[in-house]
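Just so it is clear, A, B, C, D and E label the chains in written order, and each chain counts residues from 1 on its own.
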């Protein structure tokens, strides 16, 4: 008995799973959606707190929200299934000790190349930031500051949230130059522009790329040697949650391997719970997009910068978009 | 009720200004109940403005207007028992002719059916029954004006304001409507305030006439007084055709004045207070009171040459070039016999004046 | 160029229908170059419709219109060397009076300055110079009409169409404008097609007049022919006042017909082809050609009682109740002497007819 | 009247109108065509199928979309109606109320919602609703929609009213109509094209709004745009195209019906 | 009567002067509470200190405006210079919105005029025909527009097939695409007000103009346009102002390579920066700019009227 209000991404939760949860617990679920971490944060800060019980922020956003005091702490022992969390995700840097969150889905952000149009080496960030002549004007970037800046830093071999002025200036110049080769910034149609052939290279999430490949086999996901971005979305317990008990029940529910596997089967991303393999689609295990080659650089989470550094990043981004 | 209770409309020292243009200056008029009252004056003299102030569409800048003894400054138009036939008709474009005419009745509380019935009768009166279903845009100018008339008459107001209601009608219909209007006015006892620029119409129909000019009242009186005893040059000139001759007074004896016209002609007429020997004044002589003849009469004749004869149906107008003097218009009834003879252009003739035909005007 | 080349406007069998309403039926008219041509007819007879067809705003349903010999069906309005004074003025509300008047000149290629100069002159002509800067909404009805007139005159068209251009003007100004118009017409040689419902205006100004009724041409001729020799009852009745008496023809001898009126009165008049003994026809007698008297004349007199005298300034109209017969209107010039006597209402009198005053009408 | 003599017609205007309609409808034809595509791609045609229509009605999200459609239409209808009424009253005061001190401020206030960027209004409204303790839900969406629809209804109405001379109302009042009657019987019918234009603009603006709605709506209350947006973000999916096609069909049916109904009323 | 006619005549009417406050009450109430009050909140916010990642600290400052007008370098500590970045963004938006408005006017005016001159019975149908597409969501319309305009899309296919072009036209991700998108987004906002105004126009004035030798096009320019000006102005405002703040069309069709005002402001509320005071300040500057533009316009209008 009771209610639960979820603040969630668009298209990220199979409806059957919610029905199952409702059937099992008798809790009535209401779901509201958002289209970016930042939009979610803005809405919560503008007065949305106290409305929702749980949200599903990405890694860095968990850290930010915790820092802003928007998250409630899950007491030890409250979550029956906490032990199901895979050890790799049990103590992440963005939420040490998993005090506020549980894993939902994880994946990577890099770019895909239409190999019909380009037959050279694809596993390098040069394709985005220093592309060969033939790809100039055929590149789509995600319209997302965090992901672009993180990849750019990897490309230059600089740390994220850098404070070195010379390196920041260099980063700025590099991006200004790279922009001349880009066709567009599009997050919403990142997949479509690749499928339609409008661009040959496009920044994209691994799951999207997998879906694109199903429709156009030549779309190949790149794991650059310089590294790539990894992310994890997490279910967090919000402060002032009106139905805190239901929220805990929901988190426990999502820590059941069978249930979270259903999410992965639907969204085509990885999960952070042990013992889910038997419930997963077999092809998920062998997805090229989820299995980086040896040559791949390290995956990196987007770092959370301090205010001063973030101000410089914002300035670089503004310059880029001007 | 105060002293002016018997007056239907009492305009007291009314002034109307548009910005710094004064359209009406200190007009005072009493219009009696049951009267057919006419406002006559040249274009732009403020006739429409005065009507609009009575109907309630214009503020009175200064002064006041009383309706049956009551100050009406704060009465909105729809509470004034006054209807208007607008100069530009103002027919409702989205309503049929019948609906237009029935509108006022409906507003006064008649049912739609009653209103339509009476509207039908009014349309018969203005001879437009067969157009009841048309929209105003599908009517000719004159037809529209008749609809406007029917619409204003339908609710039987206490005072009816008519702003040139017959001007777009042809003579035949105008005559018929004149008689009909007069008839309606007598029968219903509605006070009519009628604006026209047609002097004949004004003279024929009105109990009293107010002659206006440039926002000022020039003369108020019945038809005969206005026509035969114009108070000033403006009225004499404006009402009907007249010959206005500039003269200097030579002699005043026994109530008669001797007047000299350029070219050494002399005419004698009744003297008027305030006009002394040597004064330069005007003499007004109506063309129909002049007669062309071979023979002159001492003190009542001018000699000259016929310049032109203009045929106007009932009459013939002759323009005479008086020797060394002004042009003079003579009107001759278009009859075969009669003692008025027609002279061909170029021929020499005397213009003889009837006794009492010449009137001295002070200003 | 074809045979009608000398005609300014040649209307040939023109028909105009609105849906299944026929506004003009088979009109044929030739208007000569340099002519002052008038369309006269009751409200709704199709005058405006005909003008609009000439100007190019209405299709000709059947038949054709030729301008100086050229078929103009396919000529858009702005290419026709024709200007119009619209019945509803159609002034441009967003332009000042001066801009309105200068518009046509500018369109013909004059510079703004030239246009303004000539527009100023035109405004002087219509006595509106001091209103040059006003917007049309700030003018009185008559002032607006004068602006419309000035605007149409300014570009000196070959044919000027005037749809009741003087109807909103007061008598004085109307007379002045009549003379001015006539003057302009003579001076410029522009062909004028003039619509009016004022018979006096039509008679005074026109070279020729077309009388229309219910979409049909009734008579075409000069003023005198129309007034004195009306072709049918409609024209006789419509042009000027007339007494229309229903008579039966008793005898026809020596080109004279003897007519019997109800109440046992008899009048004799000129016989007309096609009217035989026993026919019931109409007799038209103009009021100004009747004379009140104590004594009757055999065959030219009706006896009766005076019902009413109406004073109309220049004249007095007397309504007579003819014994056992119709009412008859007599018009007496308002003069002191003259051989026409005025009888008081109630008194008995003879109505004597001048020789040749009665005219027999076939239909 | 033939084109030659009719001073009202302009050659080329008909062509422009047709061009305008082509531009308006071409993208929708694409949507309609691809809603029958067997594949889920907007770029590859794989044959005719009705599966996406089936999905709209029985698919996992059918209930959500039904509710969203209901919300959208009821909100659009109520908001457009009230906004049009409010705008009509305001236009009357501003165009027919003479000169007064509050005239310009009122005009400014009425046009304010279109002057403020939508995102700002969205955030501001949300902050404001919270500060006055408004619970978010259907009502908050409705009020917000009424508010931002007002200028869209207002401008066509004002434009129209400015073209109507007041002599008609004067004539009505002269014939004993009160101001209210003159308004209802004379001014209102003459203003109808402006009012219809205003209503339609308000209606489509409300039907289309995403940003503000997304901020002020309560949890679980969806309108069509908020329900559709997420799906479209990741590429136009066929079931969304099916929904759009049905919307289009629905509006066409409605319009055709109202046309015939009004035509019948006219002929009676 | 109360109020009194406007001095100098003019067309101002005071028929409903007595009721004007009642008539305005509903709009004041609704807009005052649900638009003006929130906007006032934003005005206040623009003078507050930003809270990192969204929100405000109640500490008055001009920092947001300073950031808008002064360039202090990448690291925020160089000598302040005039800030061109945002001016450029504003100018770009005005330019795009202006062109879109002109495009809408060029197509919308003839359409509105054509509809208004149809027989009375079919006019409503035409009006509906214009608005029907807008029952479908803006995003869907824009996405399918994008599909149409693609290099390999139906439009290019068609043009290639009829041989009008040899190479596909690059439309997508250009300014033209943005203008087309804006045009498509707001066309009825242009058509409907103009339609409402033309429908009321008295065509005997066109006849008078034609009679005075004006060609149809001159008549249109000198007579019709001034007479229906209120409708044209309403239409232009309804297209121009929303276009200024639009971000869907620029993002989807223009490739989002350059900020427009709309996306710049959105970024402040929904982006990483979360700089609410700056977003509020930019909005207020946009708002004041639009208001000033409108005031200049209204002033000129009044002067034109008064010069009578």
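Worth pointing out:
To be clear about the criterion, contacts are C-beta pairs under 8 Å (C-beta built on N, C-alpha and C of every residue); 3 or more make two chains touch, one makes a residue touch a chain.
Bear in mind that the values here come from a model prediction, so they are computed numbers and not experimental data.
Among the remaining chains, those touching chain B and also chain E are C, D.
When chain centres are set by their Cα atoms, the one at the greatest distance from chain B is A. The pair of chains sharing the greatest count of C-beta contacts is D-E. Distance from chain C peaks, on a Cα-centroid basis, for A. Separating the CA-averaged centres of chain A and chain E is a span of 36 Å. A separation of 91 Å divides the Cα centre of chain A from that of chain B.
Taking each chain's centre as the mean of its C-alpha atoms, chain C lies 57 Å from chain E.
Each of residues 7, 42-43, 123, 127, 131, 170, 173, 179, 182, 190, 229, 232, 236 in chain D touches at least two other chains. The set of chain C residues that touch two or more partner chains comprises 56-57, 76-77, 88, 138.
In chain A, the residues that touch at least two other chains are 42, 46, 188-189, 196-197.
Remark: chain D residues 167-168, 170-179, 181-182, 185-186, 189-190 touch chain B in the complex.
Residues 36, 38-39, 41-42, 45-46, 64, 68, 143, 145-146, 165, 168-169, 172, 179, 182-186, 188-189, 196-198, 307, 310-319, 321-322 of chain A touch chain E in their complex.
Only residues 18, 40-44, 48, 87-88, 138-143, 145-146, 163-164, 167-175, 197-200, 203-204, 223-224, 227, 237-241, 286, 288-289, 310-315, 331, 333-340, 354-357 of chain B touch chain C when the two sit together in their complex. Of all residues in chain D, only 7-10, 12-14, 16-17, 19-21, 23-28, 30-31, 42-43, 85-87, 89-90, 92-100, 102, 104, 106, 108-121, 123-125, 127-128, 131, 143-144, 146-148, 150-152, 155-160, 162-166, 169-170, 173, 179, 182-183, 190, 193-194, 196-198, 200-201, 203-204, 207-208, 210, 224-225, 228-229, 232, 236, 240-241, 244, 247-248, 250-252, 255, 259, 262-263, 266 touch chain E in the complex they form. Taken together, the chain A residues at the contact with chain D in this complex read 5, 7, 9-11, 14-16, 30-33, 35, 42-43, 46-48, 51-52, 187-189, 191-192, 195-197, 208, 215.
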